[in-house]
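Let me give you the structure first, and then I'll get to my questions.
Labels for the chains are A, B and C, by order of writing; each one numbers its residues from 1.
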């Protein structure tokens, strides 16, 4: 299956409107608020061989919140499955991208590619969560690549690979964790120095952005840690106990 | 150590820079107390900087900062990765970097003191790091230490034997230590001191002041 | 391979490397690294994540220094590519300190315009930049720089673990011997970019556990190693 969904905002009379909302099953987009949209998966997968593309264009001065109603279960199939997400966030625009986790079922072979192109004063919160298999399941393979540029300069580039046990369990990589997640927060936050707690680090990047990086045994703990880190970044100090 | 240093690559011949004085010696011999005394005595007339090489913490740097003998920004601490002697002898890069950072930040300086982490009797400073070096022993280590020698005792530009006030208590014979030191050191000077009794370390400070003056005379 | 690369991979090169544990000290403190097998797992993970990034960037730096990587790029652009791949501020600082100290040594060992140019553009460059430029100044090729960077990613942490845990140094060198089969050894191998690859596409493998370890270490009251 090859699907290309797209979403674009526009500034109309000083307010955000969503003139482009093009679903492509299984990527179904539903507007759920004045500037919020949810992804509703209308088929299982992605399955091996699927190629799902989503393009987001957040126009200058507009706001978009994008979530999903359920986690994505990546399943095996003939060949590699791919999810490609591109997003452009214009000057003074705000994007909040907080989908449910991607779960790697046994035997899957998945690639995730995310490309974020930010204008210099764009504000973004972009969360990604990868769960290494369903409960008690050995995950398939996954290679995720994330590239964000700000005003044409590299802001964050990172790759995660899952599915090579000798690397996954390394105390330098994921250790005993079964999920990994990050939240990129671009735009000014009051946090000046890194903050670290159990399984989560809030990291001021070299550019004007902060990365929350978390590891956990399960998806619930991962979300708790990421949200703690997001809150810490926005308060500029540790947000209480994790 | 922060990463935001200026580009600083001084000429290795020492022209135009401060005298770099290494202070080494075993754990507990009084290196930090001596450095504090030198800052106290020389600080009012010389432009100083200090680099400490704590083994495990920044305790020595913190002690000096709390002692208030020197503006705390003029004291930098260098971590040595379990090997204090490596940091002053085989791989002096981090110490050189700290010294040059101080010179760039506060220069021109007259004197930068590099205090080594407490180590054994074989530890000496590389000539690439220290122009002159002081080795500090104390009497409680036993009066046989100078006789045993070792590169620190025999080759340091100045040997300081500290805590002389304890000599009667630990049964150390200062005359024996003086005689043995002279035997292994030849003409190189030895000073006996008790920093507890003389917090200015007057004699050592006078020696250091002479070294600084002759350095400045030769290199400026 | 150019023999000068031996100098750049030698732990006795006086460039401050002995004071960096690459996260091992904190991993030992936390108990995650406690014996030879757990050290082996740590080193393998490090080699294939941050090590792979350093390897690729060092090769790119060497290629750029040799003028074979043409393009509208400059040293600060390559430096920014390392920044973007190093989320942890403590790891960025450790990389810049080691880069600066290596550049200082290299400028005395192999005086060359390219090293002066790098020092002028980025006084405290990330370590892979300094390593790649130094390799070029020493007469080595990008694949040599890659090999040196990959080896550097595991040799320093291995030595630190020997000191911190009192491990049998021969057992730890056995780990390095085994891992050496996973080092890039020839052009075209995995993680070794062609010299003119756009820098944006170079590897960017993350190691979340290393990020946490690095920041914990920077906040530790008691530590033996800088990083």
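Annotations
As a working rule, a residue touches a chain if its C-beta (ideal position, glycine included) is under 8 Å from a C-beta of that chain, and two chains touch if they have at least 3 such contacts.
Protein names from UniProt, one per chain: A = Urease accessory protein UreD; B = Urease accessory protein UreG; C = Urease accessory protein UreF.
Keep in mind that this is a model prediction, so the values were computed, not measured.
Considering every other chain in turn, the ones in contact with both subunit A and subunit B prove to be C.
When the C-beta contacts at A-C and at B-C are tallied, the pair with the greater total is A-C. Chain centroids computed from C-alpha atoms place C closest to the centre of all protein C-alpha atoms shown. Our note on geometry: subunit A versus subunit B, Cα centroid distance of 54 Å, whole angstroms.
Computed centre separation for the pair subunit A/subunit C is 29 angstrom, with centres defined by C-alpha atoms.
Mean C-alpha positions place subunit B and subunit C at a centre distance of 33 Å. With touch defined as above, subunit A holds no residue shared between interfaces to two or more other chains.
Under the contact definition stated at the top, the residues of subunit C that touch 2 or more other chains are 92.
On the subunit B side of its complex with subunit C, the touching residues are 1-7, 9, 12, 55-57, 78-83, 86-87, 90-94, 96-97. If you check the complex, the residues on subunit C that touch subunit B are 12-21, 92-93, 96-97, 100-101, 104-105, 107-108, 119-120, 123-124, 160, 163-164, 221-226.
Put simply, subunit A touches subunit C in their complex at residues 145-147, 153-161, 166-167, 169-175, 177, 180, 182, 193-196, 199-201, 203-207, 211, 213-215.
Against subunit A, in their complex, subunit C makes its touches with residues 23, 27, 32-33, 38, 41-46, 48-50, 80-81, 83-90, 92, 200, 203-213, 215-216, 218-219.
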